[in-house]
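Reading through the structure tokens given below for one structure.
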Amino acid sequence: MLEALEGSQAIARAVALCRPDVVAAYPITPQTHIVENLSRLVAEGDMHTEFVSVESEFSAASVVLGAAAAGVRAYTATASQGVLLMAEVLFNIAGMRIPLVMTVANRAVSAPLSIWNDHSDSMAVRDSGWIQLHCADNQEAVDTTIQAFRIAQETELPVMVCMDGFVLTHTMEPIALPEQKEVDNWLPPFEFSRRLDPDDPKSLGTLVAPDFFAEVRHSHHGAMLKALDVIAAVDRDWEGLTGRACGGLLEVSGPAEAKIGILAMGSTLGTIAMGMEHRGPDVASARLIKLRAFRPFPAEALRAACDGLDHLIVIDRAISPGLGGVVGTEVAAVLADVPGAPRIHNHAMGLGGRDIPETVYTDLVAAIADPDAPAFSIFDADLQKLAPEDR
Amino acid sequence: MIEYRIHGRGGQGSVAAAYLLAATAFHAGQMCQAFPAFGAERRGAPVTAFVRTDAGPIRLRSQVRTPDFLIVQDGTLLQDAHITAGLKPGGGMIVNTTRSSDEVAKTFGCRALAVGATAMAVEVIGRPIPNTALLAALLQATGLFPIPSLAAALKDRFSGEVLENNIRLIDRVAASVDKDIWKEPAVA
Amino acid sequence: MAVLTRGAFAEPGTSLDFKTGNWRSTEKPSHYHAKAPCHAACPAGEDQQAWFAKLQEGHPEAAWAELVAANPLPAVTGRVCPHPCETACNRATLDGALAIHNVERWLGDEAIRFGWAYPVSEPAVDAPDVAIVGAGPAGISAAYHCLRQGLRATIYEASPETGGLMRSAIPRTRLPRDVLDAELDRVLALSGITLELRTRLGRDVSLDELQHKHAGVLLAPGCQSGKAWSVDGAVPADLHEGLHLLKDFVDHGALPEAGDVIVHGGGNTSMDVARLMKRSGAASVTLVTASGLPGPGTEPADEINVVPRELEEALEEGIEIIDHATINRLIMKGSRVTGVEIMSLRKLPGQDGRPHRVGFEGTERVVSVDMVIPCIGEEVDAEGFAELVDHGYLRPKDRLGRLNRDRVIALGDARGDRGTVAAAIGDGRLAVSALAAELAGQPDPAPDLRTEMKSAGLNTTYYDHLPRATSPKRAVAERTFDTEIEGDIGRAAAMAEAQRCLSCGNCLACDNCWSFCPDNAVIKTVELALDGSHYLFDLDYCKGCGLCAHECPTGFIQMVPEEAGAEQPA
Amino acid sequence: MSVANERGERLSELRQKYGREPLPPRAEGTADTPREAQPKFRGLDSGHRACQGCGEALAARLVMESAGPDVMIANATGCLEVFTTPWPQSAWRVPWVHSLFENAAAVASGMEAAMKAKGRNTKVLAFGGDGGTYDIGFQALSGMLERYHNILYVCYDNEAYMNTGIQRSSSTPHSATTTTSPAGKERMGKRHLKKDLLSIIAAHHIPYSASASVAFPADLQRKVRYAMGIDGPTFLVVHSPCPLGWRHASALTIEVARRAVECGLFPLVEVERGAVTNVMPIRNVRPVTDYLELQGRFAHLMKGGDARAEEERAHLQALADYNIGVFGLKGEGEDPVDTGGIAAVGRSGRPAGRV
């Protein structure tokens, strides 16, 4: 049954349906509404969890680490600076292979201070060893959140559910939330084989010498690659339950015969799709690729999705200064050895909350025609706003 | 798809108004989308919020640049000459003001409906919150969604005396605004 | 090869696979039961620590049994011993030496009061019978130790009474006769000991006869004849030699009359004589001794050889002492002494490296007196066995007292190098152990070569402040000729005193090593092990930090070179 | 072969080596390892790789004896973590997790929340060194205390960053040398004072906080037991000498710790709800030089004829005197509290002087 819910509220409800035993969070825009809603659920007795109001994101991540290590389901949420403050813990959680779920309400990273949406935060911890799933809308965010708990448990990897700050978190739209009973049946009780247990007192977080560190990383990398199947399978299973899927690793839409592809993560693709729908008669249509799993990176699925394309526009919502777009670079790397691979046009846009209008579709398609266009650009930057020497 | 832009001041509940309008559409069987213009503004600063309603799913997530309707929660905001920027031809603005509809329409060159929302709210609810009155006026003038949908949306958020007062306020507004005067788009 | 665990977790306690014992480079801890200074100093060979341990545990009778393992006459020694144990006691550096002497006396008295029996059994009827000459402390001790070794003993005593000097020369004020009799009777009543009174070696029985009749002969005749004493050939007509004066007093209660008296000598006899003379009414009694009074100016070896408390009491009673001095000349009026010339002297190392007494010219002064009592020692009365006596004494050829005849062993004062009841008692034990070993065809009992635990080897942090017990004493004015001056400390004080024992060099089972080892390399065991402790060093994990040794209150744990000992891990 | 059997054989081996009778065989199903058979719970076992004479290893073991076995530990990065858990080995016999340097209190908070959620009583401990407590982990610690988690936080205070090679921390005492506060022509070691952490902790108004020392294990363990009995946040700072960093002989760890207490520089106090409720009196107050002279880190203060050294010594003495005055540490001659505190020994573990 649909309800008109703000994104944050819907996420809080979804989290509550998964019955986490411990929730720890520290407020930060635009994640705040999620923890506020969770707090309210706890205060009203609609959710039974140990809600730990920590003094920093660092502690939030540490608390859920400790809780999960002690054998209970735990959840946290943050954004932006919070992700970076957590960074050290995030690597730690992943390295210890502790199953956790965290929502990231994606936001730019200071300086300059910006509270608005882009992907700089989650991108900054892309190598932390967490699974990163990006959500295109709030329904996906809700569904992915619930799926994430199961993925985390099955893979013994932590899962980061990324949703665009404000654009999704603060947007009210109709959402279907599953019944509690459905979730209870679908999501097995939390189990962590290496949990801290006085009856079987293991030591977690040991010091590993050079003679075994490479093996630790190999095993983690292998687990991430295996998680690709789990992510896809869990999404299919969820579809079996609810009739809704989130696209597995990535989702392709648009006309099959299109020679142009546009790949994006998160909410951007909806606007681009509308732009395509409303494009002028002379503007070509495109195949739209929604990249849901950013880590692990679905190389095989991506190659298949790009089959037959001449051009692939990759939209980044963050930038790696001195390189360009991270998603674009990674996509290029994946397609590098594919014969007849499409030419990559990598653009960052919507940085620091810059509004992306639907007209961007036409502009992007038009830009393909420019033979002098650089391999990467910040597409919506207005160079006139810069001093000449900075353009 | 119908797009709305709400102008208010921090603390007046612009986002609440947007959510209320979206929820009203939802109760009327429409799809909806409501979101604030994500500012860091403090109490009193001008703020905006956006609403889209449509029969089908709404995928567009850009800010509302060409609204069909403007809702102006505070008459003092009319000092901003650009407040109607992007307003679709034939669109209209609902304004909480003591000035007359004609005067506003004349100033901005568009259809305008002036509602003494603050006064009515104070009168019925006892507090100067204009949202319900403005939305009731919008519904009464445009016939976009039935009035009971607004009542249902209010019911999602409020209960008890607050809810009753707001529902009485709807009736009070309905009585003072001519029905369906904006049923058809204005001729540009 | 190890297989990586997910997330690199580790199983509990697996560090035991990692033997940190090979981190030790130079030293390892070791249990070493050093000699306690009290034990090292005890002429009777008592293990004071052992019997204090029983008292600490609240078992006086067991403590007494431990005590009489070495010394059968604790009530006697608890009264007359100069207790070098207390002088040596490490607790002296802390808050006062243990009152070992008083506790020993209390235990001895308790045994008499409750009739505790010696932990000995009757030897076999056909057990070798040992002849013992003399029923003084050495002979009595020897007889007792014979029984402990499974031998029979026959004591030949020249006089009609047992006890030797204990009876003949120690005033009742120091040793009541009922106490002496009780302890002597307890020994002599033991089955296996035969007593032949009025049987004098050389007169009533010959050494050959004894050797023929017995498995061995222990000679403890004591010293009966005073040394000849004169200064530059002058001998006063009314000369009273100290020991004879004492014996006459003990036998008849008679003392010569005198005004100002000089007593010449530095032993217990001179102290007893000086005090008796003072108590009998002498105007002044001055003790002249070549030794020094205890104090910073005196080397321990040169200290006056008297019971410390006797010295203390003598000073209380008004005895004057001129130490580091000798009588250089007698000033005579006819054959009577009217004064003495006294000269200061010191014991200094001579050219041969041995200490010599050196008088200092210019320190002479004259003291007016009317009596001089020399107390300069006695010799063996060699009548009947002169061939064994060398320059006045039975000088043994080894530490066990053997003389130049087979299975003939000298003990007690007759050796010439003894001088206390305790030493005589110790000789009894040693001589019997030597003889028993010989009879059994075994090598001599090994000397105790353990090093002594000095106070520097202790960690005294762990001992609480506990004041030393004091014994009651008769006031000077109430002191008579026949009542004991010093009293009993009583049970409570004795038991409390036992708690003060530091257990030098011996495990207290205090748990310090076990508590303080950062590596858990000390394992506590329930049963007491051979080394006397409840703890094992697990050298597989001991890193050799030395913490246990430093924190061991008693010095029982010592760091020893890694190579030492057989317990080196392979 | 089971672990227990292996250890059993090990004990027999030792017994044989040292001339002990073998123990009678245990009944089936009751086999304990000899270490488990020790009269106290050994939560931190042998084979860890602490330096010789490590005060921290000892302190942790003493804490575990009184706290375990129904506990779980969150351990901050530091020597204790490194020397106890070099994979694949662990010296711990209780559930234990190490996450990071600065988050032990927060990880412990999560574990405690988990225990609450599960309705279990397993007490959560958090261990950190002075770096992880006074400095980088202080925020998380403050948060944990404020949120009133049922956690005993133990700070093993060895007064510098020892794991990284002896760098100064805010716990390093005034004028001590470290590699980042060396003594030279211009400086006499650390310029600043040792942070008064206990007062800051006490200001959180938690039920119980205390300082303890490895030199006084009975006192330390009493404090642990007291803290374990409290349902709420408790804090213990344990003075734990580091022979390497303080530059003293490994055998002197306890001696050094003892003198720190006896001179007044490391007062042993107990604070409940912000109020000092107990102190360990010092019967014979030592001059601080007794403490300083044992340690190389203060060697520059012991040079004769250096006016600066004299001034610093006087400064440290003044700090010790200040502690003695503020906490009333001077014990009376026969103060019964005093005798309880000095861990006097007697035969068979009975304190001397008590029959």
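Note that the chains take the letters A, B, C and D in the order they are written out, and that residue 1 is the start of every chain.
As a convention for this text, contacts are C-beta pairs under 8 Å (C-beta built on N, C-alpha and C of every residue); 3 or more make two chains touch, one makes a residue touch a chain.
Remember, it's a predicted structure, so these values are computed and weren't measured experimentally.
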Both-way neighbours, i.e. chains that touch subunit B and touch subunit A: none
Most centrally placed chain, judged by C-alpha centres: D
Geometric centre distance via CA averages, subunit D-subunit C, whole Å: 47
Euclidean distance of C-alpha centroids - subunit A vs subunit D, Å: 44
Between subunit B and subunit D, centroid-to-centroid distance (C-alpha), Å: 66
Subunit A-subunit C separation of Cα centroids, rounded to whole Å: 90
Touching two or more other chains - residue numbers and ranges from subunit C: 2, 8, 10-12
Shared-contact residues (touching 2 or more other chains) in subunit B: none
Shared-contact residues (touching 2 or more other chains) in subunit A: 96, 201-206, 208, 212
Every chain pair meeting the contact rule: A-B, A-C, A-D, C-D
Subunit A contact footprint on subunit C (complex, rising order): 2, 4, 6-12
List of subunit A residues in touch with subunit C within their complex: 95-98, 156, 193-194, 201-206, 208, 212, 215-216, 219
Interface residues, subunit A side, partner subunit B - complex: 2, 4, 6, 29-30, 115-117, 137, 165-167, 170-174, 267-268, 270-271, 273-274, 353, 355-358
Of subunit A, residues touching subunit D in the complex: 21-22, 24, 49-50, 52-56, 58-72, 74, 88-89, 92, 96, 195-198, 200-209, 212
Residue ranges of subunit D in contact with subunit A within the complex: 69-72, 74-75, 81-82, 84-88, 90, 92-100, 102-103, 105-118, 122, 139-140, 142-143, 146-147
